[in-house]
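Below you will find the structure I want to go over with you.
A, B, C, D and E label the chains in the order they appear, each numbered from 1.
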């Protein structure tokens, strides 16, 4: 209905393969970006930025990362939390060793450490598939968690065992630490997430992304098309872990401000996997939808009784929250196992063919 | 480009001259698009000139002489359109052929037209031409567009389009060749033969209609002015290139106005391609609009209940006010508001799905369009109009001007066209577009076009009180009733056939007291209706004789009678009696032609008893009819066919007629 | 640039004359656990021919193809391709050497569209590095567009324009087979292995597919080895036919010779061994 | 979806803003209470939260609030999860929060850097970062009545008094998180000083209930004393395992988070003899508690199970509320305002003095050691005592044991210096 | 050099020098292994019959134990509470089948897996809402489980056997034996086995897929209840217990997802292996290695035998 595609034709392959070939979509994307970059900082209060938008974006980025591995390359992983941890600890070490280098550079650099570790733990994927691979990634998860605790060098022998974000500034603006304003941190996170999402999208629609999907859909045929499973799988692990690592570093540096191992535990791996599955495997926008759903919905539920003036015990709300989230996950998987992204594209398709049903 | 500078746009007389002009004035504007290899390949006028020039000079290199004929065989492809101009530029005459015709038909035309070159789209067409071998005494060279499958052909006289263009490019290395070519174009005159279009005609061999540049250029110029077409139009070329309509819309008018012509990827993707291009000007025969509408309704049937209700609500609304808004009449604020909602929810999306969002003008012609269908499109806010035309007239005879649209007329005479109706009711016209003559067929030319330039259309018609022409039937089928009033069977049959429940109609009345009809119900449509109303039936026969079906038919007939009573010429042929045939008319039984046209005389003979019964006042008649089954076996069915009287209306006065038109 | 010229270029690379041996299989034996799938089979495939491998169910035909493209590693025997011997080779290496194939049960990438599937066949020809891939600009974009163009030519060749952007999972079986052929063609192979390309097709589809196979062979000059059940098709298409039964070669020759061979007749009639 | 999200988000933001404007009315005091009544540690979180809430409600009911300002208490559920804790902080700080009791070392670590920026003090009562006891470096953080390190020295003192430390082997079993690891540097430093041998047994969070191998190791190492820094399900499991390997339970001392009724009830008789540190009175024999029972429990204005009143964690939650309430009073006294702000609250926390007399006034005589805050000392010189499980209830078995301030002081100073070292803003700030 | 000594020589010297302790370690490993095996058994049952990787098995353990304890706390006698708890597990099985699984036939594994995680969340919320989050003690004595311990003097030292641990081993053995009988001797059992191989075949036995699912979930529920009682008696009954379920994964890998004996053997290998490693080698790495050691064993194992201990060799086909 909203889509009026008549008259939109492509005269080049570039236009035909553009990220958003439909004009209305382009419009929507620019509108969203405008709201995100201008609208949100203008109207958002600290709570909205600190507790909703920043974590949402960070988790969305991690979901993009996991989606690359699980959704696009078909390798199931439960090590996301730990890979995020690698990024966070790497960034902490980097910035304490080189305090003068811009923190954004360090955050991106920390992704490389995570990518390296990811590749090492990705090696078994050459022989192991499906649920069996889950075990490898869980091994990574628990082993790395253990390292974060046991290797005191990682947290600079801090008695608390936690990494605490030092204050870093660039161009006179405080970027990290408690004195950094939420708006600054939000805009930084948003910029990094937008750029990295764009890059992820590019990789996915190119040769490398295709090789991942080939391995995912039919690994044997892929190999017979000349795709080396080693390269495809390891590159997926590397890129995925890179994204998770950057997300982890941002999580600590731009959101939490301090973190212990608990912030990278297996529950986070599950959390991100939820976001990916519920959002839709193999869909970048699904990663964002999933992150929004899993992160924002509970906050709304927690806030809801207050808004409508019902006195409910905080604990009861939390219990109901668990039940509701669990129930909704089941519900959504039943109505659309391919996730919110599929629901979205069904809806979009409906709008495109409106008023027809197909 | 001296030539172009010398003359104003209106002073040009040939298409190659327009090409030069367009390359100059619209150099970088897109002249042609073709969906190929997944995207819309585009050529600007300057590039188009380049393509045409190279091919043209290549043809010249190959020995094409002025006046020689070049056959064009294939679907709508840029290269075939360029061939028209390339041939014309060196004084040749292009002869487009229907690509779906069989080899023998093709051979006749090629031979008759004395074509020396054939430009074919692909292997299929090349094969057809080659298969005729020695039968083609004039044909010398074959040029193909798509090389697929032709790699192994080793015939010397087979060339690819590229090869020919390469020859042209080589020749162009000598600057003089190019100058000469342009000079040659400059010498073209309006009276020169531009193109030969073969019309199939209902009887006999196809006739080659010779059209001069003047015919086409003036017609195109008038038509462009009539609907204010300029270089901003986009049209989609999907009708056969051998058909005059396509030649005028996609070639003549495009060159004169300088607008862009788009060729779809393939026949299956035409709908999709149209949606992508969203033409600003769209021509389609009624059946295309009919198919589109059917597709819409069928798909809406599958929609959810709410959506369907919404669709029906807004379509009802459109029916009430849509057309009035389109015609610029006064409409209440609330209705306008509703229409605005409708535009968002239904009309806009529908137009979008049909690819007609940007359509400024749409035409339908060729046969009568069902008024319901016509109104449907108009009510969506689409400026769909009717025209009446012929190959011999370079298309335009009459057309509906904006704001004077009637579903049952074909409009006023087009600019520069004079129309007369002779005493037998046949329509005659005279215009600048009138053809030069039939190729190598003076006799036919004489019988069609008199010495004053009046051309017989072969169609019977009349002007209504507003001066709009109404075509009622082929002139030769029009008869007289005993009281002397005009009887046009097809006119009545068409009116009835526009009801979806009626599949076939045979009307009688020539030399009789009144008009009476045989009806065939549409089994799908009536069957659906029966299902919805819990009417069970075992066979066509049982359904056809069902009282409720009869009641329904009676309603339809009554509606037609009421319509007819409003038209003074036709009021006399109101239907007095009708019956629903006990079997479907079938080509296997010889009742229909293979193209599904009613064989009137055969039916009159076969069902003589029933016709008698229609006129002798009996209430029913028992008949037994022999039928042929699908497997070829013969059998017979018998039935007691009921005959009904229909209500007849007195001829209405002027005032009431006005109302009916609303 | 089009398919034809590229294929022609690919062909001239290997320097093997038309009609000379392209692939040589010597005394191959393959077994799984105790089951012998192929026993001591030798044969050759000549450049430019259509070579058929036939035999009853379980005769080891598909295993043979799997051996040729490196998916199975025979316990014994030598394979030489383009004059080079090799013993153990990964499937992707076979692909790099110019062996492409289709599968008995269509093995398309079901999550991708027709276009993407055929693009997938171009994997080996694409080289732009990660950096450019990331940006999807400059060389990477140019490469992508270049290959898209080639893929479009294949789409045109196989007349599948209308399903270009349809996810292959939604296509009817016959079309899936055609897309799979397109994907194999996109690799511009020297040797194309077709595993029952006409299985499960109706007559019309079979005719279409036969036409494409012949066109590929004659126009692109691709050497083809095919397994097929429909004897009629094999006899029409193939230049030479090898017959396998219970993993052993029982006949080899022109279609006519093979048809007259008693062992073949017995095998097909199921005469006990 | 994204579009809708953005709209929803904007609406949310507006709602949030609306709430800010309606919050702080003239005569109320807004105190957020981060609780964890859910999750793996809810067994301990629930009575603590109840004690805190009940005391505040009692003040409202009995005195009409503090100094005439009604207390508005808002619970926010953290499930002992640092991220949710931060979310709670963000959600409530805009409503005029006076002080945060993060109730988790993980959350405390997150809130410490935020405190000076938002000017809301953090009171981590006997948990969190030990270094925060140094008021000069951590002007916004308070650890009354004592820190982990101080507590550890008290426990060591107890061991020394009951058989001597020198030459003994001390086993330290701890939850392998920031909380559990906190005293390790102290132990490592003290071991050579005081001449004892140290053996460490980390228990990972997910192994809390699967400690058999840890206790096999204990059996292998065979220490003379065991000290436990455990929490939640770890505690009963550890005590059961200890009993299983026949480790003498009267040589097994838990810290004050390993000695609640919730920890020992599941163990019951088998846990007899087990020791634990504590700093808040046990039972209901205090006038203040009687007031709570009268004004809150009996009217039913509570979530508390009446049987829980007076148990260790309930009383500790109540004690936390007492400190907050006293600090508010001190802040009101210092500023002369009724509705104090977070910044005023910091002044209150630094100037309050919970002397013996004041405790008696409050109806809590003997409930705990006197605490006196100051600008430099955010620990308040509190002391602990040791209690023992008799199979069904806790019994106090020692007097108040003061920490070894001389040992701990310099270490706290050093740790504080290190913490501040990479925070430029913190280097200039000071108390007062 | 010293490191190599610590890794390869020292631990064995230690083992040899304290045989009583080694025996104790092995026994503790055996007991843990039994409990791991019990959890894994719950997974295997459901995976075998429906291909669902039931992540909710962990919370089912907690839920079952909580139900039992909670019912008893209401004053219901222990054995009646036990029966009621069994009934509630049956109800849960039927509900899960009706509300969830029925709608997800033929969905990819990962979706079913995610659904069980959703179920886990739901049960956590539900359980805490009903029973509260505080740890509870298992009604060990009321159920008639032994609590004492026996000390054996061997190798100049002592080995302590908890009666409860012995009971756990015995009950696990009975459970496994019972399941074996159920699978091999009963009609439903055979159908369950058939369904693992071929859904059609199972239907021909006359049992609908839905019934089979309800039955296996019920069986898994009973296994969960048993596990919950045993584990609850060892520590206490709290929600933290569900994390232990993650331990079942390496056990499953080792044993193969569909093999009951595999689950038992895998459980014992993991249980004993990790105790040995933690006690004799853990010190080298600073302790706490138990958390990941099981996974690393499974991973190394997988690299050599991707199909698990009892799985069949995978031949890839094209």
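Things worth noting here:
The rule is simple: contacts are C-beta pairs under 8 Å (C-beta built on N, C-alpha and C of every residue); 3 or more make two chains touch, one makes a residue touch a chain.
What you are looking at is a predicted structure, and each value in this text was computed from that prediction instead of being measured.
The minimum number of touch steps separating subunit B from subunit D is 2. In this assembly, B is the chain whose CA centroid lies farthest from the centroid of subunit D. Among the other chains, B has the CA centre that is most remote from the centre of subunit E. Think of the whole protein's Cα atoms as having one middle point; the chain whose own Cα middle lies nearest to it is A. For the interfaces A-B and D-E, the C-beta contact count is higher for D-E. Our note on geometry: subunit A versus subunit D, Cα centroid distance of 35 Å, whole angstroms.
Centre-to-centre spacing of subunit B and subunit C amounts to 48 Å, using the average Cα coordinate of each chain. Averaged Cα coordinates give subunit A a centre that lies 41 Å from the centre of subunit C.
Subunit B and subunit E have Cα centroids lying 77 Å from one another.
Multi-chain contact residues, meaning those touching two or more other chains, occur in subunit A at positions 12-13, 145-146, 149, 220, 266, 315, 318-319, 322.
For subunit E, the set of residues touching two or more other chains reads 128, 133, 246, 286, 288, 291, 318.
Across the assembly, subunit D contributes residues 37-38, 42, 46, 176, 202, 204-206 that each touch 2 or more other chains. Note for the complex: subunit A touches subunit C at residues 12-14, 17, 199, 201-203, 205-208, 210-211, 213-214, 216-218, 220-229, 235, 282. By the touch criterion given at the top, residues 36-38, 147-149, 151-152, 265-266, 268-269, 272 of subunit B touch subunit C in their complex.
Chain contact summary for the complex, subunit D toward subunit A: residues 1-3, 5-6, 8-10, 12-17, 20, 35, 37-38, 42, 46, 75-77, 79, 81-83, 86-87, 90-91, 93-94, 105-106, 109-110, 112-117, 129-131, 176-178, 181-182, 184-185, 202, 204-206, 303, 415, 418-419, 422-425.
On subunit C, the positions that touch subunit A within their shared complex are 69, 71, 90-92, 94-96, 100-101, 103, 107-112, 116, 119-121, 123-124, 126, 128, 130, 133-136, 140-141, 143-145, 148-149, 183, 187.
Those residues of subunit A that touch subunit B in the shared complex are 1, 3-13, 15-16, 353-358.
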